[in-house]
Structures are given as C-alpha cells and as structure tokens.
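Take a look at this one; I'll ask things after.
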Amino acid sequence: MSTRPDYVRPLDIKHGRIDMGHGAGGRAAAQLIDELFARAFHNRFLGQGNDGACLPAPPPGHRLVLATDGHVVSPLFFPGGDVGCLSVHGTVNDVAMCGAVPLYLTASFILEEGFPLADLQRIVASMAAAAREAGVPIVTGDTKVVEQGKGDGVFICTTGLGAVPPGVEVSGANARPGDVLLLSGSIGEHGVAVLSQRESLGFETSITSDTAALHTLVAAMLHSAPGGVRVLRDPTRGGLATTLNEIARQSAVGLHLQEAAIPVLPQVDAACELLGLDPLYVANEGKLVAVVAPEAADAVLAAMQAHPLGRQACRIGMVTDDPQHFVQMDTRFGGRRVVDWLSGEQLPRIC
Amino acid sequence: MCLAIPARVIALTGPDEAVVDLGGIRKTVSIALVPDAAIGEYVIVHVGHAIGRIDAAEAARTLALFGELAAQAALADTSTMETTTWAR
Amino acid sequence: MQPGRRYNFMEFCGGHTHAISRYGIAELLPPAVRMIHGPGCPVCVLPIGRIDLAIQLALQHGAIVCTYGDTMRVPASHGLSLTKAKARGGDIRMVYAATDALRIARENPDREVVFFAIGFETTTPPTAVALRDAERAGLTNFSVLCCHVLTPAAITHILASADASEGSAAPLDGFVGPAHVSIVIGSAPYEPFARAWRQPVVIAGFEPLDVMQAILMLVRQVNDGRAEVENEFTRAVSRDGNRTAQALVDDVFMPRDSFEWRGLGEVPHSALQIRPGFAAFDAERKFPLTYTPVADNKACECGPILRGVKQPTDCKIFGTVCTPENPVGACMVSSEGACAAHYAYGRFRDIPIRVEAAAGAAA
Amino acid sequence: MSTRPDYVRPLDIKHGRIDMGHGAGGRAAAQLIDELFARAFHNRFLGQGNDGACLPAPPPGHRLVLATDGHVVSPLFFPGGDVGCLSVHGTVNDVAMCGAVPLYLTASFILEEGFPLADLQRIVASMAAAAREAGVPIVTGDTKVVEQGKGDGVFICTTGLGAVPPGVEVSGANARPGDVLLLSGSIGEHGVAVLSQRESLGFETSITSDTAALHTLVAAMLHSAPGGVRVLRDPTRGGLATTLNEIARQSAVGLHLQEAAIPVLPQVDAACELLGLDPLYVANEGKLVAVVAPEAADAVLAAMQAHPLGRQACRIGMVTDDPQHFVQMDTRFGGRRVVDWLSGEQLPRIC
Amino acid sequence: MQPGRRYNFMEFCGGHTHAISRYGIAELLPPAVRMIHGPGCPVCVLPIGRIDLAIQLALQHGAIVCTYGDTMRVPASHGLSLTKAKARGGDIRMVYAATDALRIARENPDREVVFFAIGFETTTPPTAVALRDAERAGLTNFSVLCCHVLTPAAITHILASADASEGSAAPLDGFVGPAHVSIVIGSAPYEPFARAWRQPVVIAGFEPLDVMQAILMLVRQVNDGRAEVENEFTRAVSRDGNRTAQALVDDVFMPRDSFEWRGLGEVPHSALQIRPGFAAFDAERKFPLTYTPVADNKACECGPILRGVKQPTDCKIFGTVCTPENPVGACMVSSEGACAAHYAYGRFRDIPIRVEAAAGAAA
Amino acid sequence: MCLAIPARVIALTGPDEAVVDLGGIRKTVSIALVPDAAIGEYVIVHVGHAIGRIDAAEAARTLALFGELAAQAALADTSTMETTTWAR
C-alpha cells in the first residue's frame, strides 16, 4: 500500500471502470488503493504504507497458522453475500478450522479491465464489513489488473494468520474410531444460492448463502471441552461428502453417517432435485463439521447449540475402523451406501 | 435416467409458459407439452418442460398404499435416529 | 415369496438404478431378489462415435455446442470428452433446457449453435418444442445433433438376444418399467412384448417406495404365473401417455432404420432422426459429418452389463483403472451408470462397520 | 491441501490440460494437488494436510511481517524466469523490504481451463526451486480453476510471513534529509526481458530478468550497520522512479538523484529507445533501493558490493528537504529535471 | 550572443521538446534564449473528433481498432479515451507497427480491423507500406483511419497567424526544424517559408548535443541577420529526403483540402487522405462515420500553447485539475506534449534543493 | 514526435526485410522504404521501418563538432559524479 501522491480529481466511482492504468503501479494505482481499498479497510497496520505489514507477535507458547484461499465465485453477487465477504469468511474459517484465533488478513485483488468501480466498491465495502465484524483486520494487500477477457471481474486471494493457544490440538488426522461427528447446521445453502443466480439455471428462491465467520463458534467449542475437539473442517467446495472423505483418509478411519440426521432445508432439497444435484456435494460457507471425543460430544454440542451459528447443530454419525477409509451412510430409507468423493465437477443433470 | 419432479402450477405467464413451485422454489417452465395445465395442478417437470400431470386421486391412493407397504416391510427403524426439524 | 425361487428383475431405467443405489434398496430386498441394471441411462448407451461428432462440431467446425451436463464427461476417442474438448478451446456450453440453446443461438447470430440432444422419450418432446420454435422464429444458425433413442426397441432387443442365445443375456423374470418415459408414451407400448416374451412389466415411480412396491408387484406376477403390464405409477402414467407430446414428436422426428447403442451394437428402429421437413435444423445434414463407429475399450464390460449379463464387479478394471474420475466405459460416467452407481454407492458391501471396543458411545 | 484418495491413474502431465474438474474440490482436485503441487513443494508443514499450516512462532521479541502479491505476468515464461519463481521472489522481497527474515510462504493458484499440465508443472518446479533456494518453504496453498476466457493461464498469489529481529526499524517513512540513496544494481532488466517476448513488440536480446530473492542481501546490509538502514524497497512495477516518489511522499522529503550514477545495461537502454520507454519506469524484480544514514553509507555499500546480488551497488543520490516531495535528478547532460510518478500504464510509444 | 537581445525559438517537433525537458537543456541555455514548444506532437494536435471516430469504430461498429500506444490515453468526448473505451469492451489493441495491424487482420478474417493512423511525414510512409501490402494481399477486412498531417503546412500556418495579428502568436526568431520528418521530406520544403517570412530554420537531430548545436546555429543566423535553412542533422537529412518514401506516399495518399488541428483549428492542405484507388481500405468510406468537431475544454490553453503564444504555466488548471493522470487537454497526454513535459520534468524550477545542515555527506 | 533510432543492418532476410542491431538487441524491420540498405550500414528505424540511412562521413563530422561544443560550453561537470561501467 502506498501513500497519497498529488492527484487531484477523486475517482469517479459512479461511472468509472477499471482500466489498465489502475494496475500499472503508478499514480492511478496509488489513487485506487487510497480512495477505495485503504479507506474501506482502514487500520493502523495498513496505514504503515510499506511493502508488507509489521505486526505484533502473539504471546509466547502460541503456534502460528497460515491459511490461504482464492475466491473466484460467479456471479460475484449472490443472495446473502458476494465475493467480498466470502473472501473474508473463507479464510477466517480455514484459520479457525486449525484451532487458531484468526488475527490478521491479507488481500490480493486481480481485477479485470472494464470492471465497474461501483461494483468494486460494493465488494470492498462488504469485505471491510465482514473483516470488521469478525474483528480480523486486513493489514496489507495488492492490486493487479488484467486485460478484458483475461479475468472475470474480480478474483480475491486472502491469506489469514492466526495463533493456536497452548493445549489446542486440532487436525484432520486426529479422528479415532468411536469419535462423534457433529455438524453445525443445515447444508447446501451457499451452493444453491449461487446456482440460483446463474442465467441458464435461474430459479427464484428465498435461500441465501450461509456465508459466515465461524471462529467465535470454534472458540466456544474449544472452550466447552478442552482437548475434546479433534478435527474441525468447513465443508466448502465438494460439500460435506468430500470433506468427510478427506477426514476419513487423513485419519485413516471410516465414517458412518445417518442420512436422516443431516439437516437440509426443503428449498435446498427441492433445488437439488430440480438440478439433479446431491446436497451432500453442494458447497457451504458458514458450516463446520467436527470430530469430537465421545465423552466430550454432549458438552461440545451444547456449546454449539448455544451459539447463534450453531443453533441447529446435531450429531450426524460416528468414526469407525475401516481399512478402506470409506464414508458410509445409513440412508433415510433404511439402506446403506458409500458416500464417495466428488468426481469431476458437480454438474446439473437431466437424468 | 430422466430426472423429473412434480411441481405445482402457480401462475400461467404466457402462451406455453407457467411458473411452478417446488418446495418453495419457483421456476418458469414451458407447458407446451401440457397446454391445458391449470393453476393449482401438479405437473411433472423435466429439462424445463412440464411433460405430464399428476392425477390427484391416484396420488392419494398411492400414498395410502405406501403407508401399508412401510408398515409391512418395517423398512427402517427410524425411531432410533436423531432427526431435526428440517431433516430431508 | 416362493421358497427356493430366485427372481431376476431388470430395472430398465437409470433413474431406478440410481434410486436403488442411493437409498440402499438392494440391501433391503430379500436375498432371492436380484436387480439387474438395464440400458436405461441415455448417456451410457451413447456410442463413442456420437460424442466424437459433437466434439468435431466444436473443434473442427467452430460451432457452439450446447448439451446437458450429463454428457460432459463421457469418454470419447483420443482421450477426449466434451469437458476436455472444452479445455482444448471448444465452445461447449452446458444448458439446463433445449430452449437455452435456442437463446444462445439468438444471442450469437454470427455463430453456428448446435444442440447435442440425448435422451429417451421423456427428453425428446422438449427437443421437438425447440425445433418447432426455431422453425417458427426462422433461426438459421441453430441445429440439433439428434441422439434420441427409443425404449421399447431396446427392451425388445434385450429380450430377443436373451431368447436367441442362452447365457449371452440374463435370464429375466420381469421388468421394472420406466417412470417418466411412460408418462409420455403411456403403458400400452409395453403390452406387445409382455405378451410375446411372457415377461411381467411393472411401471414404477422413482421414489424408493415406488420401486419397492413395483418389485413386490413383480414378485406377485411371477408367483401367480402372470405376464402383464401393470402400472404402479398411476398418479402420472396412463395407458395412452401424453398425446400432445407424441403428436409433436411425430411432426418433427421419424425413426431411424438402425442406431448404434453402446453395449448393444446396432439396434433396428431404436432411435429417431429429424424429418426432412426440418432438414435445415439437422446438424447431420448441415455439417459435413461422417459417423465412424468406435470399438469400446477391450477390457470394458459395459456391453454385457447393459444387456444384464454381467455386473460391474465382473469387470476386471472396475474401481482400479476405471473410476468415476477416469471413466473407461460409459457405465462409469453418469452417476446412474451401473458401474458408477455401484462404485459410488455399493462398495461398502464387503466392509462391515467396525467401531473399536472402547468406543461405545452413540452415533 | 488434502491427502491422497484412491484414484489410480497418475495425471497425464505430458498431454493433459486443466479442466473444470480440477477445481471442483473433489478427487481430481486432490490428485492435482498431490501429484503436482505437494510433490514439488514438499515440506513437513504442507504435509499436515489441513485447511491451513500450523507453524512454530519466532523467538520472543520479534515482530511479524505479512506481505502479499498477485503475479499476473504475460507471457508466463520469459528470459531468466517465469511466473513461478517470480511469485516466490516478489513476496520474499516484500517481506525482506520490511526488514524481516522471510520464514514461510503461501501460494494460491488461479488456473484457466485448458492450461497445459506440462506448463503448470514447469512453473511449479521453478517455484519450488526458488523457494528451496531462498530457504522459505511454501506451507499451504489453494487451487481454483476458472473457465477458458476468464483467466490467463496461471495467476499466482503468494503471501509471505517473516520475523523482524529486535532493533531493526525499516520503513518507507524513515528517510531524513541528508540520508544517502543506494541502489543494488542496474535497472530495467525484468521489464525489458518480459516485453521482448510480447508478440507485437518482439525483439531478440540476451537480457534476462533480474528476478532474485534479496533477503540475504538485506540481512548483510542490516548486519553491516545496525540501525543505519532506514528504508528498503524493491523498485518493481512502476520502476525506480515510482518507488522513489513513494519514499519521498511517505517520508515527506525530497530526493536528489544523479542520472549518471544510475546503472543501465546498454541493451536495456537500446530496448527502451526502441520502444519509447524510460528505464526509470521499467520494472525490476531483483533490485533494491535503500536509504541509509550518511554515517552508515560506506559500510552498507561495502556490504552490498560484497554480496553476489549487490556487486554493482552504488550511490545514486541523497535525501533532501522539500515541502513538495519532488524527486529531482541532475541529468547526465548536466541539466536538472523532476522525476515524476508513472502516469497510467507505461506504453510503448512511437513519438 | 548580442547583449540585450532576446531570442525566441520554436522547436516545432515534440521530440525536441522531450529532449529539452528530459535532459534539462532549458536550464543550460543562456537566459536570453527562450524555447517555445510547437505543435509537433501528433497526439497533441489530434482533435477530439478524430479520437471519437476511432472509439465509434470499436464500440459501435465492433471493429478491432489498432493504434500506437501514444493515442491510448488521449481524452475524447464523454470522458472517454481509447484506454477507457477498451475498458468498456472495445477491442482496441496497441501495436508497435502498422504491419502488426495487417497481421491482426489476417488472423481475424471475420472481423473488421482498422488501423488508426496518426503521425507526421515520418510515420506516414510505414502506413503507406501497410496499405500497399494490404492491397497486394487482397485483404478485405483491413482499413485505415487516416489522420496523417503535414509539417510545412502547420509551420506556415503558425507564421501566417503570427504575421496576421501581433500578440496572437509569439514573435519568433527562428525554428528548430524536425529531425526525422526531415529525413523523409528533406530540407528543401522549409526553404520557401524561410525566405517568405524571413525565418531562420535549423534542422536538428534529437541528441541533446544536436539541439544545443542547432540553437547555437540559430543564434548565429539571427546575429548575422540571415534567414536560411541550415542542416545540423547532415548525417541523416539531405536536401531531397527519401525519394522512395515520398513516391510511395504519393501513390497512396493525397492532400485534404483542410483538416482540423487541436489548438490551430482548420488548417488548409495540412493533412493527407487515402486516394480513391485505395478507397476499399479507407475507414472513412468503408464505415458510416460522420466527423463532429468538438470544442476543447474552455479552461484549456492548448491552442495558444501549440501556437507558441502561451506556456503551460499560463493555464489556470495546469498541474491541479489537468495532470498526466487526468489529462484535460491533449498537451498533457503524450509525455512530449508541452504541458506533460513541463509537468514531468520542469516543475522543480521553483524548488531549490535543500539539505539539512547536519547532513554533509556525499550523494 | 517521431521516435526513431539509428541501428546497424546485420542481415537481409527477405524482400523488404532486414535484421538490425541496436546496442545489442536485434529486431526484424521493414526496409521497404530504404530498399538498397546494405549490411553494415546504419539506418534510422521508426515504427518497425527503416526510414532513412546515416551517412558515415557526416556522422564523423558531427561527432567532432560535438566534441568542440562540449569543450566550449563545459556542459556538465561529470567528473564529480560517480559512474559505473554500465552507466547509461
């Protein structure tokens, strides 16, 4: 981030568009940073104006966590959110899923030539609000501009830095047979909200994305049963099914689900039937799945249900011993099946 | 093959066009293939087209039959499962 | 159920295959009942050569090829698929409805837009609507690569080959008849072969309970020695079907003399082509395309599986070389393909659920 | 990063291309990560397989530095480097310019559908080599795939975490009148090397990009004169001219340069004349400019010249008192002029 | 140099303006010598209406517009510029040579490609080569929006207005003649007006020493009372110029009756148009374009500055509202524009270099 | 206006086409406008075209003249500046 050079006319946010000059590192780039990004994200670290942000370290005994994600959602605005708040929540959550308290975020923007400044400002405002609400400042950033046809409006890569308090040990490798699987709420809303806005699929729904920062929920869970939370993960791309397969593989265990226990909003179910999708594979952005020690399950579940983002939390299954690391599910019809990894893309189907 | 779902017609919006409701979501579909579909009626929707209608009386009969079958076969002991208000 | 008797039923339709797998229905059936997955997934029966044509249209003729999501991953020649052809620069767009392809044609007046139309009798009427609308609108840049196929012809073919040579097709005791196909064609078209081959047919809905009920009805017919067409799906299927749809399909399409099915080979009168009156919208006439049949991968058992002679686990490369990620045969492509359904939903069967003794808590 | 699921056939690196499935978060994505990224970047942090990397904190007394940059260079391969090594050097350098020791990197890839896996592997290998050479491991990452025509091959956003040892105080705001301006070597090579590969400008040259990680040079400088280095900055986008204007503005000082002292390779000069560019505005990726206390200048310069990346280091000017914060330059012809910010893009000119 | 005498010289050419600014030459001249920046930057003299035409071609006619980098940022109507029109979806491509535009036309046979050609006599012959090659290759999708202008006509116009009304133009004592223009046209074309208006002309190269030498030669002519055409740039400029280039230009182009110059208004016979024989390649004939003259911003003093009557600092909005980032007038666009050159290179003059007393070290 | 630079012809590569060298960089340019340019000769290059040639004898003369001028005007006291081997 740089300091204000001597340009005079303010950005024409209303009618202006990103042009190649905004990415060239000169006066136009500095103006965009100052008037749009720095103004919205304002905090003392960002204000340092150097090549990076210099930050106080966490207290001794803490370990650090770094997590990064690129955000490329299409459309950029969807019911319940936009790429801006998503880019904050997505990374705050990844930091939190490591058992860490998120402290700082960085943001790298790749803007497409021709993108309306008004839309960019909306996205940046949403991002700033999400960061403020989460209490995690955006301390440094970058802006690049690519030619029209070489980008897609806005891509935002965020990186989060967090600190793991002493005593917390959370990892996808820690699940043990007998552990309990908890889910913080209903699945599939984010993916369905985004799909509902795609021109060729377009349907009307009141479903909104569940995008949210989960770190305070995680803090409540960790606090409720010290040492009892073994795995935390947010079932984003690939949905719950893919996340559970990751855990099974990483911990070298099997998982056994109860389909009837997995909450799905009727509208989400209906949209999935319409498009030939399976809600188990649809993305979430404000949900987490936890593997907890059996003796801690009740306490953790109670803590989740006491948190606004975990009110609908429930047990959905348990960890089993399975050399093939399958995720199996008792269907709500009473049968049993394997819940596999997502193959390829999950495409709307006709049959 | 042939993913299709029942949906209720809630508005006729043009020649060959209707809005249907399906568990709370709304979609505009073609009714070129069931031109006399009426508001309130259930149609079967496939690739954006209503391809047939659901006979309400027959649907009720099937539902009753399913009740029987479920009882007969004791298909699943769902009473032992935790469910939530929106379990699908 | 008669003690000692075995019941081999074929669910023709991929939708039923999917329901059976997804809800774990096979597990709930008595051991004497065996379900055989039929060729009722339109993606699975599409031969490589037809997908090659669609890829040709995109890569060689520069057309915008519109298609349902299901066909995107089907393996074609040269290690390609529509997904991979798209990655190689083909302008291939997934649509949800044939009318989306029409819209794309209107929006791109200087490009050729081809709708790659697949599916059984359920999906054919919407394509017919699109063709009728394209003609009414006088569109000159829209055409259809027609791959619509016919259910009764395929069932007849399966029964004929079962009859012709023992062992080369499964000994069948009855059919679960398609749900949505039957909404359009009605139950009457199944009557001739039920009679001719003495095969019970029960048309079933797609809910798991529909399928269970239909199987029960089939068991009863077998036990009673009947071979009738029964309709479990009375709430949507009549004897005559949807006359409006049938008439429109008849306006636009006519039967082909013969059509290649993956796994079944050439099947006479088993598919539709666009009538000469709509030739301007027929991609096969509009573009210089030549159809080249392509032999399936030698290891692939899709053919016998589609004919009901073998099961996915009979294939040597099932789950090892051939997986949903790298499908070799078409049965692994659509999640309703017999192999994909078994891979995704059925593999648990050899693996009992074990929880360590220490872990007694509830799940 | 996730663990290895049960796919069987290895990636066809030779003929394969990125397709949408590689970004969908399922089995194809996991395979790409395992066989391409994780294999190349291999380190124990990346191997954790969680949503983020859990890392040891630096010793007490250190402050942390976060820096982030998106890398969108076109063409992706250029004489002397590629987007892969660039994305390591660019961020390692930004961390170093804050006076920090770079410790860890994160990498977020945005891949365009259709991108050849062979090219991706080359880029990843180059990135891995650069990280290894710099001694800064890539500890976590992300991969997204965008449709053809919505990206440009590969974009790489990297974020670096570093630690500032106690006693080091480096910032663009610290320049004082009388301080000395040092430059680590000749300017303009990176920008000219990239331009030489653009189809419409194409010319043959033996100029190669100067892309390099400068943190060991920085360490040597800081060590040579404790407290004597006040400002460090790498003159990347916008070139030396823009960087110096940033420093002048941020420190509220003027700068006074000697044009004759600024080293420019004859080939770079020639290419700039051909294209109508000014080398002062052309990007560098392996150079730094330092503002040092007058009494420390000799020691710091000697330390730079003793380092392989600073052999051609020289004094190029001094800090002045100027309420307008102009960068002025005595031209090699003996006149004097203002060296302004870059305006818009620096476009090749005919006149 | 004669004591008490003042010497006002105009460097016609933007390249000389640039050299004077970049090397700080003005500072090195004796105070009695004042350099006036002339209208010799082809970007600066391009009127808004011509850029509007190029934008129209891209945005309304969907053409690929190819242009030299210099024109990208020139302000046009409605707050646009080619850079901003590109951001609004216009397919506008920067090229280094006219032949690149030809290549783009060959690569995009189904698109119209227009080369937006600007420049003086130096840049015209390459455009002529491109037009000749396009005709030879029989390209049907390539055309040129010709904005080539003529140096002698502009100089004559300046002298005529200086003559016509005292004060409306600067009292000139001589011209530094263009370097590269003269390579093509030779030194002879300057002779008539040197004679007619009794103005010394010295053709100079672009090296700073060339310019210094030329100024010295002008001072000598003034002191001697001579008004000749002298050639400092003998290493490249002859009396006749490049006959090959002149012949080719003559084959392809012919003079316009009149052409609008920004700051100078309509100047008779001051520009070229494409000959009827090449009409198929003339964007002004190929596309339905109408030229609308657009008044410059009222505050802008580009006109008087280009005529040599005012200096950049005479403009009220110089450096405040009008900056290189937000150019109001054309003189701020190209770094060779008089205002941009003064903004970028000249602003230090009011600010002496101060170093705090404490800081005695070397720089 | 009219950025142009002297470059040495090092190869004739086709009708109207030559490769020139300019301070170590090589570029293919059109010589349609100076069709008889010869290898070793200096041409002036503008927008990818050689538009004229440099007269070697005149160039030498100008160089000598510059030497005089520089001496006369004592243009810049460069001796006090630090330079490097590749100072431009």
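By written order: A, B, C, D, E and F. Residues from 1 in each chain.
Note that in this section contacts are C-beta pairs under 8 Å (C-beta built on N, C-alpha and C of every residue); 3 or more make two chains touch, one makes a residue touch a chain.
Quantities reported herein were computed from a predicted structural model and do not represent experimental measurements.
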Least hop count linking chain B to chain C through chains in contact: 1
Longest centre-to-centre distance from chain E, chain (CA-based): B
Chain whose average C-alpha position is farthest from chain D's own: B
Selected interface, E-F versus D-E, where C-beta contact pairs are more numerous: D-E
Separation of chain A from chain C, taking each centre as the mean of its C-alpha atoms, in whole Å: 37
Separation of chain A from chain D, taking each centre as the mean of its C-alpha atoms, in whole Å: 29
Between chain C and chain E, centroid-to-centroid distance (C-alpha), Å: 70
Geometric centre distance via CA averages, chain F-chain A, whole Å: 59
Sequence positions of chain B contacting 2 or more other chains: 1-3, 46-47, 75
Junction residues of chain D, two or more chains touched: 20-21, 27-28, 258, 276, 315, 330-335, 343-345, 349-351
Shared-contact residues (touching 2 or more other chains) in chain E: 14-15, 28, 41-42, 68, 73, 83, 96, 100, 119, 123, 323-325, 336
Chain-to-chain touches, reported pairwise for every pair that qualifies: A-B, A-C, A-D, A-E, B-C, C-D, D-E, D-F, E-F
Residue ranges of chain B touching chain C (in the complex, touch as defined): 1-4, 6, 30, 32-35, 44, 46-49, 51-55, 58-59, 61-62, 65-66, 69-70, 73, 75
Parts of chain C lying in touch with chain D, wherever the complex brings them together: 73, 79, 83-84, 86-89, 320-321, 323-326
Chain D-touching residues of chain E, taken from the complex the two chains share: 14-15, 21-28, 41-43, 68-70, 72-73, 83, 93-96, 100, 119, 123, 208, 323-325, 334-336, 340, 343-348, 351, 353-356, 358-363
Sites on chain A touched by chain B in the complex: 186, 196, 202-207, 258-267, 269-271, 273-274, 276, 279, 312, 314-315, 330, 332-335, 349-351
Parts of chain A lying in touch with chain C, wherever the complex brings them together: 176-181, 200-201, 254, 256, 258, 275-276, 294-295, 297, 315, 317-324, 326, 328, 330-338, 340, 343-345, 347-351
